[in-house]
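Going by the order they are written in, the chains are A, B and C; count residues from 1 in each one.
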Amino acid sequence: MSQPYAIEIRNLHKHYGAHHVLKGIDLDIRPGEVVSIIGGSGSGKSTLLRCVNFLEEYTGGEVLVNGRMIGYGSSVTGEPYRLPEQTIRESLTDVCMVFQQFNLWPHMRVLDNVAAPLRLVKGVRKAEAYERAQAQLERVGMGHKAASYPGQLSGGQQQRVAIARALTMQPSIMLFDEPTSALDPELVGEVLNVIRDLAHAGMTLAIVTHEMGFAARVSDKVVFLAEGRIEEQGAPRELFNTPQSARLQQFLTSWNERQGSLAMA
Amino acid sequence: MFDFTAVIPHLPQLLVGLASTLLVSLSAIALGLVLGWAICLGLTGHRAWLRRVCAVYVSFFRGTPLLVQLILVFYALPAVGISLPPLAAAVLALTLNSAAFQGEILRSGFQMLPKGQLEAARDLGLSPLQTLLHVQIPQVLRSMLPALTNETIDIIKNSALVSAVAVHELMRTAQTLASTTYRPIEFFAVAGLLYLLVTLCTGRLGSWLESRLRTA
Amino acid sequence: MIDFNLLAEHREAILAGVWMTVKMSAGGISLGLLLGLALHGLRQLGGIWLVPLYHAYVALFRGTPLLVQLFLVFYGGPYIGLEWSAERVGLVGLALYGAAYFAEIFRAGREAIPRGQIESARDLGLSPGQTFRVVLWPQMLARCLAPLVGQTVILVKESSVLSIITVAELTNVAMTIATQSYSMLEPYAVLALAYWAIAIVVAATGARLERHFTQYQCR
């Protein structure tokens, strides 16, 4: 069971037609490690994350989760072929993603949103599924909204429900795709607190984020992406305090300026 | 088995039929727009009784089959002393029908305009008429265009029913030719294709106008 | 002036006509809904054949008058060995015609659902079938209900066209009574009122259903 790496990414490429989005990414994430991925828009950071749970079909290289190759197998001759959809789903039960737009199902009550995957995918019986769903809702501080519909909640509350829904599936790895980018500034904190708690609980996390302060505080490693390549990576203290590449220096400077102008306003 | 060459000598007749189909449909659409405008004004106006009357009008003409409306105009109107020539009766029935739909289309077009625009226009000193001409109508026309295109296609298709009450448009011509030549498949298929051609062109024209207005 | 005895006299014929209209519309609409859903499913499967085929079907059946479609089968059918009764032609014709509209309604409903909801379902491990049943279908139903009801009313009205191919439904019966009795006003007035009533009832029922299925949106 115990693999040295939770996620291994080797020479990963992604093309959209002629557009080359990821140009050979190598990245390892150990069990229990918290990795933040930063970079400008169009740098490929969301695409990288979405390749890990195969929402994007990568076009070169490989992604391994807990030692298992995701999406493709290799034939006797070594030619890669796409695995059947069901096999892919089964190999990804250990990975859950939290989306920028929450992606709750608006026609189900909060409790049903959280309990439905448990019942459908794991075949858990109704009473037990509700019990476990309620417990996860309590964990993110949303237990009192179990009977509401997603449309009645604030963005921050919806995102916390989405996190509870992912947690209920008991993944060992969670992916966060800009989890606070769609939120009003005053709601960002409540979501970041929940993610911080998960980090402290020892879960493996990969977080695409624009919240540099948060990335600096919770991450074991920060990865800076530019134009589809990893430009620089390292411990947050080194990366933020002594950036080596010109690109990262520029990225951090412009980010600081934006923060500064916000503070002025 | 099928002999579509049998249709060729009769093409001119079919095309004359198509012409009167278009004449009837387009007159109904144009007149329906005028009457529809009046209905829209009634529906959104201040007089309660007029709103009622217009609402009943719309409900009736949208709630009963066009064929029944045609029959009423063709057979029931003469029974109360109003006799019209077939072509005029056909245009009248289609107009009354289309006006109900276009009235509703216009009303929802006006309703979708944000109220703030009218307030801004008044604040800037535009008269109600100026507001109507320069602010409301251009936007309403633009937003109602897709619905208007659909309505035009519907009327062209529905005008085939006029054949049942003795106007020699496309459908009726095809019917006559089909029964005199014993080739119903060929003639009805060609009639269908002609309708398809016209409705597809109407749809295209609508999308083209839409994209032009959007960029304008 | 208006002679309502005439209607009492032909009570049975009128009721039979109403019943035929109900049978034709209900049958045609149910079949059309099933076929429309099947068409939508085929389109979702995609592929270089199915998608253009779907669009051709929709363009053909929505771009030509129902009357032409009915005449082709009713008068043309016997020439290719298809000797169907008027009722069968009417039922199948109404279903094929309605299916094109229903399929497009389903498509619009499906396309209005944000892609992210399907992605999150897949991420959590739901199969495509489960995703459709649990995530998409309930929302499609809610979004499609209003246009579906509208289309239902339209098809009930269109069923009057079947009178032209001699199906003895309401319109046909009214025309027969009118010609036999030489009175044009009463049968046709009642005819119009009957359809009007049906349309109002269907629309009101639809509005109630819609409130029921869209509870989650309006709070």
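As a working rule, a contact is a pair of C-beta atoms (placed from the backbone, for glycine too) under 8 Å apart; a residue touches a chain by one contact, two chains touch by 3 or more.
Note that the structure is a prediction, hence the values are computed from the model and not measured.
Centroid analysis (C-alpha atoms only) places A farthest from chain B.
If each chain is reduced to the average of its C-alpha atoms, the one that sits nearest the average of all protein C-alpha atoms is C. Centre-to-centre separation between chain A and chain C, using Cα means, comes to 46 Å. Computed from the mean C-alpha positions, the centre of chain B lies at a distance of 21 Å from the centre of chain C. Separating the CA-averaged centres of chain A and chain B is a span of 54 Å.
Within chain C, not a single residue touches two or more of the remaining chains.
For chain B in complex with chain C, the touching residues are 1, 59-60, 62-69, 71-72, 75-76, 78-80, 153, 157-158, 160-161, 163-164, 171, 174-175, 178, 184-185, 188-189, 191-192, 195-196, 199-200, 203. Per the touch definition, chain A reaches chain C in the complex via residues 53, 55, 85-86, 89, 92-93, 95-97, 99, 101, 103-108, 116-117, 120-121, 149, 151-152, 162, 165-166, 169. On chain C, the positions that touch chain A within their shared complex are 114, 116-117, 119-128, 130, 134-135, 138-139, 142, 216-217, 219.
Contacts from chain C toward chain B in the complex involve residues 59-60, 62-69, 71-72, 75-76, 79-80, 153, 157-161, 163-164, 171, 174-175, 178, 183-185, 188-189, 191-192, 195-196, 199-200, 203.
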